[in-house]
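Order of writing sets the chain letters: A, B and C. Residues in each chain are counted from 1.
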Amino acid sequence: MSPLFDGVFKRDMAIAFRQKSELVQPIMFLLMVVTLFPLGVGPSPDTLQRIGPGVIWIAAILSSLMGMERLFRDDFQDGSLEQVMLSPVPLWQVVAVKVLGHWLVSFIPLLLLSPLLAVFLNLTFGMYQALIVTLILGTPLLSFVGAIAVGLTVGLQRGGLLLALLLIPVFIPLLIFATSAVDSAALQLPYQPQIAIIGAMLLLSVAASPFAIAYALRVSQN
Amino acid sequence: MWKFLHPYAKPERAYQLCQTLQPWFWSLAAVCLVTGSIWGLLFAPQDYQQGDSFRIIYIHVPSAILSMSTYVAMAVAAVVGLVWQWRTAFMAMIAMAPVGAVMTFIALVTGAAWGKPMWGAWWVWDARLTSELILLFLYMGVIALYGAFEDKQQAGKAAGVMALVGVVNVPIIHYSVEWWNTLHQGATISKFDTPSIAPEMLWPLLINLAGFAFFIAAVTVVRLRSEILRRDVHRPWVQALAEQRENRRAV
Amino acid sequence: MSLVASELTCIKRDRVLFERLSMSLEPGQLVYLRGPNGAGKTSLLRILTGLAAPDAGTVYFQGAPVSNDIAAYHKALIYLGHKPALNSTLSAMENLRFWLAQQYLTFDPKAAYQALEKLGLVGLEDIPVRLLSAGQQRRAALARLWLKPASVWLLDEPFTALDTQGIALLETLFAHHVADGGMLLTTSHQPLSKRAGPVTNMDLEYRL
């Protein structure tokens, strides 16, 4: 029996697929936010192409904030988290697996939806290529860093808005580098530097955040 | 090596230390701020390009520098608290937070005011101003998180984790915003590009910098004292202290 | 082979719940922890499990501080708190299966079924836990006691929401566990009956 795969990963997947509405709603939200922009700033293809990468990334960040709470909220409230902490498996490994599972169920749909968003916002194929690379590298960063703040706020009565206040400033660098990569692609300039920086931030967060999340959950448990 | 610091982990000793330091910080802050400001605002020579409007740097630059330093100091306090389990370290951290936030706010307001004569607009998305604005958000996040917990011991730890996440992010934010700025505006004239500043302009700036630092230290110490008292209000040493006060007043 | 707490201090919300509290739990002993609301019973239990850290003091298991090898201690421990630790969308059976996997234990469907049968949950094992009544949820949570071989049981209000028949079942199980040389610390608002066997009482006071 592998405790991480059979006990944590499969469990989270089973729960996620029984609460499909919780999975679908953030994606619907993202789609609607993206739809607001052409209505708000006008449908001219040039404008949309210029603001497109930023719009998609902002919508991705906002929708990730919507679904992020799911990560530990139920387990905290029903006491499952206590039992996980009392299992012989180190907590940081458990949270790493949980975050990974959360990324799979909440961002794979986003990646699948991204061609549609690119068409909506009139992105060129080159821009779309850059966008998909930034999404693949950037969204795990959202999950890992976001999970720290979820761990800190999970015990609070109304943690939802606070979570957004804590996380939005932290996500700004990712937004800047990701959109600038797509902008470079639009001008047919190399965008490897931005990708490399996002990759570096991702590695840093993957290495450090499981311990920070585990500590945050212990603080919340206290 | 750091053993001499350990007694100050006890709230009682930390309180006494604050009490000793407080008058020194206040008087040094007063002396430096009065000298630096009068010298800088009245006697330092005019800038040949900006005239008198450059004088705002005597407020803007110290507050901007110290807003960053205070955040770093908070992170250091958080590390001390997390590693050595010092209650007082978290109290010190949270004592600093609003002071740092106010410094950030002053830097933003003076920066915006300076932008009016320089660029003709109250707000320009200049790289430094934008970083300061994000720093203010980070401060507000830490303060809001601390306020959201009822158990202040838990609150201190949570806010400490957030301060550390923030401090890892501050340099990343700084460089990303600079990158973004050059990307979108081309080479704008940065306010601090002037490589050399005349010494008669620099001295009052340094004195004011020290003055702001002492002022922050003084306010922090006052806030830390009251935080310690509030948290330890049921402890015998605080009650003894209160009784002592009471007796002195009675005499 | 015992669980010893030495000089524990717990401060919650800047209020001292207990100070320099020492206790021990020997094999074959049932300790019944009593005290008014807010005296720190739950806090003490959580410190004993390692969920919460004491403000001072140490918990020893088999002579060594539990923090030395927390995984080994947790292998020998069952803690059941106020919360049932059952995910409401999963069935009782699934909850137990995932819980056992997390504990490095193999899931034996037959054993799980027997435990649920004893607890009167036959026919309810496959429906989502949220559709069970409070007492049934409590029973499903208690099934863990039958499924994990552990020497230390720390139970926080295990009788909550149980009917008399459930209480009797649990007390008999306590007696068996203690007779087999297990250690058991439990809190409760109602006194234990004779069925549970010999009981050591321990009192926590409410302090300002």
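Please note the rule applied: a contact is a pair of C-beta atoms (placed from the backbone, for glycine too) under 8 Å apart; a residue touches a chain by one contact, two chains touch by 3 or more.
No experiment lies behind these values; they were computed from the predicted model shown.
Visitor: Comparing B-C against A-B, which pair counts more contacting C-beta pairs?
Guide: A-B
Visitor: Closest chain to the overall C-alpha centroid, by per-chain C-alpha centroid: which is it?
Guide: A
Visitor: Among the chains here, which has the CA centroid at the largest distance from subunit B's centroid?
Guide: C
Visitor: Taking each chain's centre as the mean of its CA atoms, how far is subunit A from subunit C in angstrom?
Guide: From the centre of subunit A to the centre of subunit C is 37 Å.
Visitor: Report the inter-centroid distance (CA atoms only) between subunit A and subunit B in whole Å.
Guide: Distance between chain centres: 32 Å.
Visitor: Just the number, please: Cα centre separation of subunit B and subunit C in whole Å.
Guide: The mean C-alpha positions of subunit B and subunit C differ by 48 Å.
Visitor: Please list all residues of subunit A that touch 2 or more other chains.
Guide: 222
Visitor: Touching at least two other chains at once: which residues of subunit B meet that condition?
Guide: Touching at least two other chains: 151, 153.
Visitor: Note which residues of subunit A are touching subunit B in the complex, please.
Guide: Against subunit B, the touching part of subunit A is residues 145, 148-149, 152-153, 155-156, 159, 162, 165-166, 168-170, 172-173, 176-177, 180, 183, 201, 204, 208, 212, 215-216, 219-220, 222.
Visitor: Spell out the part of subunit B that touches subunit C in their complex, as residue ranges.
Guide: 150-153, 231-234
Visitor: Could you please specify the touching residues of subunit A with respect to subunit C in the complex?
Guide: My answer: residues 1-3, 6-8, 10-11, 14-15, 18-19, 74-75, 77-80, 82-90, 94, 221-222.
Visitor: Of all residues in subunit C, which touch subunit A in the complex?
Guide: Of all residues in subunit C, those touching subunit A are 49-53, 71-72, 74-75, 77, 79, 81-90, 94, 98-107, 128.
Visitor: Write out the stretch or stretches of subunit C touching subunit B in their complex.
Guide: The touching residues are 11-16, 208.
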